[in-house]
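Look for subunit A in each of the two complexes below; its partner is subunit B in the first and subunit C in the second.
Up next, the complex of A and B:
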């Protein structure tokens, strides 16, 4: 167990190094000059600025090593477009917002997926199954920004119906701000998990141990909760790692549409303004976060299902 | 049966006569079906998959042939018809060129808010009765929605101050629609009072004879008052007056090009890497697969954006190719892993061993036995890859990181349509509908292909 964890963490560190290197190479290929739009009119000012950001040295290995060294120390540098703002501060300020939104969305998606998936399997080929599977196909086929737009439209209508603000349409701050955006964000993952849960349940419904449980005379609710649900959830947990990844990075659209001050929206802004350090810092930070999430989910999986030996 | 006849002792010698020659027992009575024929037969029985296949073919026709049938230029702006819904009224009347309104010999209205001349998209000329308490003048408002009990007056058009006559001419972006005008009395400090007049006015579309000729709607100068019909836009127009149908068809070219070519490219790369890794095994396999693991770990959307800006878009370029390259770089590992797994399982099959014994080269083994046997799985992967590539394009174009304007794509059209979602929903609905239908069709087709091609992966629905 410990050896496995250690090995996974080591792999994770290597992966993060790869992400950092890929980001570095990509960002150094961006056409244009980071100081192009700046006030570096005279060569002296320009030289000073270049010295400040270390741009006067060779890209490889000097700049690369400085960059890696800073990353190891957890220092992502200074923003190019916002004076006196550290990338670390930007991440510290905006990541919790994205994380809250993401966690809520994952919760919505997982709970909804497990519940709907179990329902469709129990009512196989009957009305609830048909209705839910139709909605699932809709959830997979409609792009997330359409759901975001519809969600906002729904909020406007809701507030209009009650003649007062029941839930805020945009912005961030209270629980009311979070509900609809996180639901919208989790919707496609929920559809995906519902499908997975359904096929996983259908596989278990006819398993020998379920027949035994029935033969023993266990009450159906007990069979459902203790035997079917617990076993069918396992595949859902395996894909939760990649699902968290998809939801956290997919947050851009929801953050843009609902005007939520999250890191995703910040990243898009940084790309539009070619804020090199912010782009690199955010990418590496997100990458490290996702690698960690996948490792955590794998470890939890081994903990929940003793049949999976961690080695 | 046979035993019972023997038991009753009714066996005759003729029962043991040899069969007449001529009918060979070796002949297979039914025509043999190849793998692909069998798959096609299964697919044909699957109604959902078949309908999806028709939709996919229809979409491809729309993309390839559509622009030759509906030849409207997708970049052409029809400023007479901005943000028009589908099947909007296209009639217009020829009017004299605009001349400024001389109010010196016009008597102001004595009864409510009145329109002096017929309201046209050229100008709406208003006059109103004197409102008590309007010592400071009047403020004129226009709304596209009914004013209602909340007194939502809409857009303030202008003020008419105390001494001036009670006339106002509106020439601000008039469209042929119903407007709700209101005039509010101002007190001596130019503050609005509660007294106001209102009137609902239907504006008629007019163009001048010269405009009609310039736009190719008429050959000769038409007389004032003549009726004509403007250019048809079957699906309406967007906020710049561009034809939505033409834009959807050209946008389909962008979206489907990326949606189909990116998967084909990265699946091809995945096949090469996967088959080399699976076939060679050992060090090379380890190396290639570790590298694939690293690439899989890159956060996809972030790196799509990072790579896209790294490749850069020059002026006048659409940005389709940077997106294509970024997608190929990031997405090949999944296919490589899949193909490698397939190759590994086929590698030890009897027929491969036999072929090897007969002296087949590695290239022949890969090309003749291994890839054809994985083709079914690859085709299924490819079908499922198309909708996700279309989604990626739409997503990136939606956040403004995708195809550069003015090149239309479904994603960027959705982005533009979202801004006017409340007033002209058709600008969002049509591109969103096309994305959804395409993605749905490819998903259902993928399900059908998986059921038809791969017995092991057959879904349990």
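Up next, the complex of A and C:
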């Protein structure tokens, strides 16, 4: 298992290097650069800026090598737009916010997905199944900014109805601030997981070993928990790794609408601002995070399903 | 058998599910407690936000973006400018009627070759030390120092040697500014500057105290405790991208006319929907509206206010040799095929926007009254038929058989998208011209403008200071902002006249001439003057909204009981 983990980690490092290089190349091939500003600058000011940020050197190999060197040391440099802040500080201050929101969203999504999925499978083709599956289609097809806007509107109505603040409409600072945003954030994943859980449950209901278990007279509870649920949950866990990464990185809209100081806003706005250092920092950070999550899920898989050998 | 076992399976399974749900609810609760702790460590408690607190004399407002730069010598954007306007003060400042008023300087004298500012005795930093002339000398020299790499250093070029220092050709100490005493600032000009009093209200001209600046080791302005304040408020708390809190500066010289004890910024977001929802919920005292949120505000029967924010937007032609847009008849054809009124009233549809008539916006002051009253711009004619005649003439003059596909370069904001599609449709309908839309994010559009990769570009300009010159020299051949590379010695001559003179009548006449040339030669086609619409809490009065200077300005806000 250790050899397997080591191999996977090495692959992960290679993947991250590839992500960093590809982003670097793409970023430098887009017209414009972070020093462009509303007001045109003279060559003198431009030269001052380029010298200060090291953009006066050749992109290849100088800037690339400097960049990789700093990255290995864990230094992503200073933001171009927020000129007083280190990219490391930005990640350190804002990732915990996105992660907190993300953990809750993933939990909502996973628990909801498994429960609804199991329910729909048990009530196959009956009313609960039809209602839930209709909602699932909605959850998958409606974009998150619609849910975010609706959720916020609902909060305004709720507070108006009670004449006092039941839950805050936006902002950050307590668990009340994250309930609706995380629900909105996790909604599409929840819908996706419900569908996945349903189909894998249905597949297993008709499996041979379930029939055998029934035939040898095992109590239904035991069959449901030990054999059905445990087997059905496997595909759900497989997609949970990428889902965690997607939720934690995909919070841009939710963070904007609910005025949440997460990293997702930097991730998106940096691209618009062509803020080289922040683009590289957040992309590499999120890339590494995604790779790590996939590895962790693969390792967990081995514990849940002993048939999977980690080699 | 199947019926029976399936039913019992369901019952038992449901029981199990119930247990699972109960367990996960308990786990969730535990998790929430943990998350609550995590959130309070990474944000500030925004749940206490109240739009207006009469007893505490405080208000809560939204700032649209995290201010990228609170080092006044380097700040270039409106968000930083707005925040700086509350916590810093220059020699002069704008009052609630948007007129220049004494700031740190109590009186001043501007001459042909220089200026003198007398600083008030009671101007103090937030640590109680006096603001002296040396603090201005230090700030101006540092801003021009090439090592500082300030984008806005050019705004200090009117001061003698400013440009040479910024180019690294002279030492910062040679700058034409000196502290004759702690309270007298003497300035030498590179050439006469009629509007120097307006320039010193700009943030790059704000004072910075040397000893404090050096003690921050290059982190000046990075955090609330890495700054020294001399404005009406101090920044007492700043959680990046989350919240800010301003408190009344007890050392501010004009503290008696500051009513508010504190200003809270519990929300940083540029979503207009969020702003309206927070306003509805009574969390913020002001919310800006857009085309999408306006109907909601109307339905609520809120009192909606509007103003022009100072920026002018126009179509700029590419005047580089070889482009069809160098042909006057071509430009005329486009001019007559487009109607700014239709654009503003039927496409943009946000109150507050004004149809563009000229480069010089409506609020600019002339010699005695508004510039536009003294020098009314020529009427623009919308006439598709004559437009087609001009286009045909242009085709013959250019020796073309058919029109090549032309590029309309634009931004990617919702308004730019609407506008570019409107222009494309109108030109096809009225002239049969095919425009290819090149929609780019902000910095890429700038790069393409700089390189001349367009035939027509949707461009705009916001004022830096309150004088027609902030627009007047835009199309001088030497101006870097002139990205269409228009080059006309007659226009250049008028710009030089306006620059060299201190005489208002002479200067305004020159600007009038510039306006005439821009129209006659169809150099640019004005589209609109941008407006803003907003709602504000009726208990809050004396908030300033302005075209030039920090906006919105809450520093002189007073609170009244609405009942």
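By definition in this document, the second predicted complex is superposed on the first by the 288 of 311 C-alpha atoms of A that agree within 3 Å, B and C clash if a C-alpha of one lies under 4 Å from a C-alpha of the other, contacts with A are read in each partner's own complex, and residues count from 1 in each chain.
As a working rule, contacts are C-beta pairs under 8 Å (C-beta built on N, C-alpha and C of every residue); 3 or more make two chains touch, one makes a residue touch a chain.
All values derive from a computational prediction rather than experimental measurement.
Visitor: According to the stated criteria, A:256 is in contact with first (subunit B), second (subunit C), both, or neither; which is it?
Guide: The answer is both, since A:256 touches subunit B and subunit C.
Visitor: In this superposition, which partner touches a larger number of subunit A residues, subunit B or subunit C?
Guide: C
Visitor: Which of the two partners, first being subunit B and second being subunit C, lies in contact with A:107: first, second, both, or neither?
Guide: Second partner only.
Visitor: Which holds for A:190: it touches subunit B only (first), subunit C only (second), both, or neither?
Guide: neither
Visitor: After the superposition on A, what does A:272 contact: first (subunit B), second (subunit C), both or neither?
Guide: After superposing on A, A:272 lies in contact with both subunit B and subunit C.
Visitor: Go through the superposed model and pick first if A:286 touches only subunit B, second if only subunit C, both, or neither.
Guide: In the superposed model, A:286 contacts subunit B only, not subunit C.
Visitor: Going by the contact rule set out at the top, does A:202 touch subunit B (first), subunit C (second), both, or neither?
Guide: A:202: touches subunit B, not subunit C.
Visitor: Mind working out whether A:31 is in touch with subunit B, subunit C, both or neither, as first, second, both or neither?
Guide: both
Visitor: For A:96, decide between first (touching subunit B), second (touching subunit C), both and neither.
Guide: A:96 contacts subunit C only, not subunit B.
Visitor: Touching A:149 in the superposition: subunit B (first), subunit C (second), both, neither?
Guide: A:149 contacts both subunit B and subunit C.
Visitor: Which subunit A residues lie in the overlap of the subunit B contact set and the subunit C contact set?
Guide: Overlap of subunit B and subunit C footprints on subunit A: residues 30-32, 149, 153, 156, 256-257, 271-272, 274.
Visitor: Taking the complex as given, what residues does subunit A use to touch subunit C?
Guide: 30-42, 44-45, 47-49, 51-53, 81-85, 90, 93-94, 96-97, 100, 103-104, 107, 111, 115, 118-119, 122, 149, 152-153, 155-156, 159-160, 165, 168-178, 214, 219-221, 223-225, 256-259, 261, 265-266, 271-274
Visitor: Give every residue of subunit B touching subunit A within the complex, in rising order.
Guide: The touching residues are 293-294, 297-303, 305-307, 309-312, 387, 391, 394-395, 398-401, 411, 414-415, 418, 421-422, 428, 432, 435-437, 439-440, 443-444, 459-460.
Visitor: Taking the complex as given, what residues does subunit C use to touch subunit A?
Guide: 5, 8-17, 20-21, 24, 28, 31-33, 35-36, 38-47, 49, 62, 66, 68-71, 74, 76, 146-154, 163, 166-168, 219-222, 226, 239-243, 266-271, 273-274, 277-278, 280-281, 283, 440-448, 450-451, 462, 479-481, 483
Visitor: Spell out the part of subunit A that touches subunit B in their complex, as residue ranges.
Guide: 14-15, 18-19, 22-23, 26-27, 29-32, 137, 140-146, 149, 153, 156, 199, 202-203, 245, 249-250, 252-253, 256-257, 267-268, 271-272, 274, 279, 282-283, 286-287, 290-291, 294
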